[in-house]
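Next come the structures, one after another.
In the two complexes that follow, chain A is the common piece, with chain B as its partner first and chain C second.
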Partner chain A sequence: MNFSKNDKISNNQLRAVIIAALLGNLAISAPLKIISISGSAAYLSVLLGGVAAAVLFYLAIKLMGASFTKSYEDTAQEVLGRWFSVILFLVVFIHIVLFSGFQLSAACTMVQNSMERGVNSVAAALILSAAAVYMAFKGSECSSRMSEIASVIMVVFILFIFALSLPSFDVETVKFTPHEGVNIINGSMFAAGSLCASEYVFILSAKANDTKKSARAVFWAFIVITLILSLGTMLSVNAFGVKEAQRKIWPVIEMMNYTEFPGSLVERQEVLMSGFYIISSYILTGVSVYIASSLLKKIFKSSKNAVFVILSAAAVFAVSLFGNGIYEKFNFIYWLYKYNVIIFFVMMIVPLAAYIRRNKKCGN
Partner chain B sequence: MKNTNFGDDMNLYSELYENKQKIKDVFTGADDIVMREFDNFGVKCLIVFADNVVSRTVIENPVLTNIMVLGEAQSNMEAVATKLVSVGETKLVKTFEEVFDAVLIGDTVIIMEGDKRALVISSKGWPSRGIPQAQTEVVVQGPKDAFMEIGSFNTVLIRRRIRDTSLKVRRMKCGRRSKTDIAVMYLKDVAKDELVEEVIRQIKSIDVDAILDSGYMEQFLEKKHNSPFPQLQMTERPDKAASAIYEGRVAIVVDNSPFVILVPSTVNIFFQASEDYYDRWEIMSFLRLLRYFAVIAATCLPGIYIALTVYRPDLIPTALALKIASSRAYVPFPTIAEVLIMETAFELLREAGVRLPSPASSALGIVGGIVIGSAAVDAGIVGPVVVIIAALSGICSFAIPNPAFVSAIRLVKYFVIFMSAFLGLFGFYISVFLVLTHLASLESYGIPYLYPFCGGSINGYTDFKDSIIRAPLRFMTKRPIFARKGQKRRMSNNKGGSRK
Partner chain C sequence: MRKLMLLLCFIPFMLCGCGGNEIEGRNFVSVMGFDVDENGEYNVSVGFVTPGGENMYTAESKNIDSSSAYVTDKLKSSGKRQMYFGHLKSVIINTNILKNEDRLNEILLSASSNNDISMETIILSSDYKASDIVGVIKEAGDGLYIWDFYRNNRNGIFATYKLTLGDAIKMCDNYGSVVIPSISYDDEGINIEGGVMCSQYRYVGKLNQSAMRGFCLISELAKGSVETISYNGVNIPFLISKNTVNKNFYEENGVLCADLNISIKAKSQMHSGTNLSDMQSIVFAIEEEIYNEASAALAAMHGADCDAAGLCYSLMKDNYGLYSKYKADDMFKNMRINVNVDVETV
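Coming up: the complex of A and B.
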């Protein structure tokens, strides 16, 4: 009776999960660094890096689709053997826990800053982790359905903010000169790295109902994220100027405060709009806990879902306690963005090995 | 289901005396069971029926008069059935269990000396109150009739609207002792086979003393019984049930209940009223939007009021913030208590209004309105803004056409209130996300509860035409997701007879 039997998700849901989990979190952290690298042409860096990441994932999933008949985890165990796959799972587990933990920390810092008396960042992280446990318990179908709603809400409201900001847009502020080319390339490499969330893409796309079309779904997810991120970067540079925009922790949302919204019943709309970042963090944490727990289950060869979900959530929460230092010089998220690319190639070992093995079998 | 009450399914005896004795033993103390011996021109017979449950006209004219006065002597029950009894529905049975079941549901049983079979004559004549008007799903335009407590009448009300040979009615009994009649109705070529089989399997697997209402059945059929949200739809409107069957859904008619269960159900269905399809699409789409807004307001308004006034008053426009502050100056309670007092008072009024007879409930409404609207504010117990918030939230909940869904919203509202009170705006957001996650985890017979807002692609997004807006009927060419493959189209390509 189920439309998505065996914990499978549709390709639209796959696209939605990627958008919902990454869009809000990237919009918090990525533009600051990219603007500091590329200046007024940061939007172009985002565009180039985003398209590169989209193409890279498209090709990678095409390769994966051609070699996979099972889930990513099962294929890894099959082609790499027990111990190599355990090492791979551990590396991916650590990366995913660090990535979502620091993103959670950044989001919760924002909660503390924007909602002040409501809750402090540690309590916010704890509550979000607990909520993520609930979502992870329900499985990938629940997370993906929730992501479908979250992605639509986020995209609609972010575009709404953009639409309100557009009348004051001045093309002069985002013009760039050819000698900025190196900076643009550097920025685009950072942008591509920040978009390389391969754990989510590889593991979830192997769970898609129709793996033949999952490459296209992932491609469009990254294109949507790239376009919104690029437009947001452009508008925030226009609104605040290059120097000021680098200091804004959440420029897209803060624009709302500087934008006239006729007939608004609320002053400082940006605080209400910050809910979109929280939902993105919630989805990211929930999906991360789900993926991390599925990796732990494979490592320990166990089916005790509850134990591993709680363990993974505890790990994410523990990482979030370290703090991200989003204003400081050393930023863990930026550091992880660089390592995203390495993890991408580490994870690619599995589809490549599966592909080679399959070709060998065909040759025999 | 075996008749465990009587202990066995023994065959009837050929001796009339023995049969009579056995029936007498079983019905000892049941004074409403009538047993009478009579004579078919020399052959001894016994008639058994339940008093006031059967139609006396059926027993007296086409049965007793024919057998005793107008007919002739017959040697066996089969001959009596074919030659003497002029009633549409008769059947021969062989066991006591079948005899007892027949008597208890209002049929008449005739047993003949020397025959090991009994003749069951359909003679149900239960007392009924006539076809009532809809009470909980009232419409301005459209049919006014509603289901009643007699299941077989309810199936008739549905059949009247579906004159199609594909309409199937699968009858069964549920409840060890109540033996409640259940009818599962569906269109054979439209409903999915696996859905029908699953519903029937579930009903057959229910092992309980009694099914007294379709509410019992609903709770047994729901997959997640810990959720406040209804996962099956209950309706008292035959047109709604018929429309659901046309879409490929299954209707479960439970005897003794004026509500019919419709499966599967999605959240979107609870926003649909029968009237939506009887009037122009523009106004009905506007009303749909209004209902969605009403649900959001009914759930979130008190919570967001608390989050903003307690934690972030700086977000409220200054003039309004000052007014709220001045109106609360003499209120001795914190905002959460104020909101809870008003909400609880409103709930009490609503509950009392439902239980009271109609004239008294309107009086209660007036008294309650005055007390809440004026006296509570004058006494300084609550501020006027909280009265407006509670009233708005209450009114919004009345705009939703399904009472079961309204009840869930009423409950969820308190969760949002508490989370907002403890954690401010963050708590408000988290509570909304958790409710949405819970809804995302629900399914009704394999269909995501949040469909078409989740998984809309399963049916090519066509179901969005009947979701937040209601598209013109001629554009709704395809059946919703519930229909089986190959039966998706419900309208021909000419889109319903448009004029040249």
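Coming up: the complex of A and C.
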């Protein structure tokens, strides 16, 4: 398949990439922790945190659109200078490699668990990393075209399973009480952090061919993710109760196992869903490798695309080997979720600096 | 690059399969029974289907050298064929096990943490040895008997309900109590009636047939069951098509009170000559019957301090202020409960 060389994507594709890359991965790892913080009102935490993240990104990209027209990397070099931009790129590179590496580890462990003993998680991570090399090598359009298909299939199937779960819904279980207020706020801060995968949003939205509308595309992508994640969390708590949902490693996915398809359409739907999450992981890894390699190219002022793509994929795969399981006491992915918001503000330096510089120029 | 991609696409096909065991190498467990011996170790009985075997359904008992309920892993590979729990339909727990502290919790947790075992698995208790029940099910046909019993005798089940693994865990976690339907057998086959009350994962008492029926009514579980009343020497069956309970909590003279307003819609096939006064008398008779059953259930639950209907949980969700005022271990025991019944016949 041939892809355009200008490395641009449409706003629809931008929305699809964010949904496909983040929805599956967040559904695997985030709900467990949010349920343990917020209890039966975890869905409210997801809703509040998700809407906050959507609004934050909307404002940030509006500011970006008003400040620069080049790619994020080029603008950073222009406004921060060579060495400051290198430091920024290094920080972002390390974060993206850690983020996608631990997500990959969680997704592959999930596949190993749900598919009995058939799949080795390391082998699955290796295959996904290798496939991501191809996608990253082909550029942003390759991942975005694939995301367009994957996001639609994922969203439709997830909503279908959710709809099947609704008849057994018990409102009392998910009712929240006033004393849960503090937990809901704590949980929403964690949910907002989980959704703050800033590098994907900032770097990809600058590649949209109509940057004026990219803020809206990103906003709706986060709203879709938030609504689905919130509904999934609510149904999981409803299906198992709070304590059992906290004991489940993948509450949303196991809730899907709990829901029976009519007429045995699919015997083990959690395996089907695992497949979708693997696609989501594949897209996240591919996009991560693409962004990481583009940052490396800027750091080393080199155009050796293939070398940096392979290096980035190797780094992501290496990190995935150190993933310490989603239910361990200290889990890296939870640690990243908690401090993701720092990267948001670090990356915001560029649009802010560009905005100030532009205003100064206009003033002069 | 295209050849590489093609190769990558084929690799996943090599990674899938039945986990090293084909269908012919598996026994499909459909019933599992838990007994405990005098040393506190589990005696686990399994009823399983062997594909292509001479006897399609086989019942086997194994003494598992384990004081914990995580026995499925030990059973999985204890024979030539692998025991597969993906088709498990029911788990039967001997009442004596329930008298041991935390054993119920152990069994429920081990079942729910096993990815193969469905959360729809039916949980039953029995005064009889679970191994005997598994054996009786063998006589009744294949291991799906209990599952089919619930599916096909929905209208015939008038004194019990289907407790799934998911519901049992949810009730224990949310309410701290659960009522497990009881299974027994006689010459004619198996019976599922009455139940065992457990509070904090421990046996606290029994519900007889009438009280179990009352429990179903106050827990909104009676939809689809049949209530029969005797009027002028004639038995009139009523099919309950709707069962809702409105709970209203308040305090009176320093006592926490709850009104349980049970609303029932019942269908009956009375002959066309039934006059209005007869009709009203029949409705009163049903209301009285339902009131008696609900009161019997509440009396038994009060006596055992078993809040399996989740009244304290409902109060916490509805009125947290009132809940925190009376929040104590004996909250349910000290709660004054009034039952009101309203029956509408269609």
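Some points to look at:
Throughout what follows, the second predicted complex is superposed on the first by the 355 of 364 C-alpha atoms of A that agree within 3 Å, B and C clash if a C-alpha of one lies under 4 Å from a C-alpha of the other, contacts with A are read in each partner's own complex, and residues count from 1 in each chain.
To be clear about the criterion, a contact is a pair of C-beta atoms (placed from the backbone, for glycine too) under 8 Å apart; a residue touches a chain by one contact, two chains touch by 3 or more.
No experiment lies behind these values; they were computed from the predicted model shown.
In the superposition on chain A, A:Tyr258 contacts chain C only, with no contact to chain B. Look at A:Thr173: by the touch rule set out above, it reaches chain C but stays clear of chain B. Here chain B and chain C are compared by how many residues of chain A each touches, and B touches more.
When the two complexes are overlaid on their common chain A, residue A:Val242 makes contact with chain C while staying clear of chain B. In the superposition on chain A, contact of A:Tyr282 is made with chain B only, not with chain C.
Of the two partner chains, chain B and chain C are each touched by A:Ile127. When the shared chain is aligned, chain B comes close enough to touch A:Leu272, but chain C does not.
Applying the stated contact rule after C-alpha superposition, one finds that A:Ile18 touches neither chain B nor chain C. In the superposition on chain A, A:Ser10 contacts chain B only, with no contact to chain C.
Residue overlap on chain A between its contacts with chain B in one complex and with chain C in the other: 115-119, 123-124, 127, 131, 134. Contact residues of chain A toward chain B in the complex are 1-4, 10-13, 111, 115-119, 123-124, 127-128, 131, 134-135, 138, 141-146, 148-149, 265-268, 271-272, 275, 278-279, 282, 286.
Those residues of chain B whose C-beta lies close enough to touch chain A in the complex are 194-195, 198, 307-308, 311-312, 314-318, 320, 423-427, 429-430, 433-434, 436-437, 440-441, 443, 445-448, 450, 453-458.
Chain C meets chain A in the complex at residues 1, 4-5, 8, 11-12, 15-20, 109, 112-113, 115, 118-120, 166, 169-170, 173-174, 310, 313-314, 316-318, 320, 324. On the side of chain A, the complex with chain C involves touching residues 113-120, 123-124, 127, 130-131, 134, 172-173, 175, 177-179, 239-244, 247, 257-258, 260.
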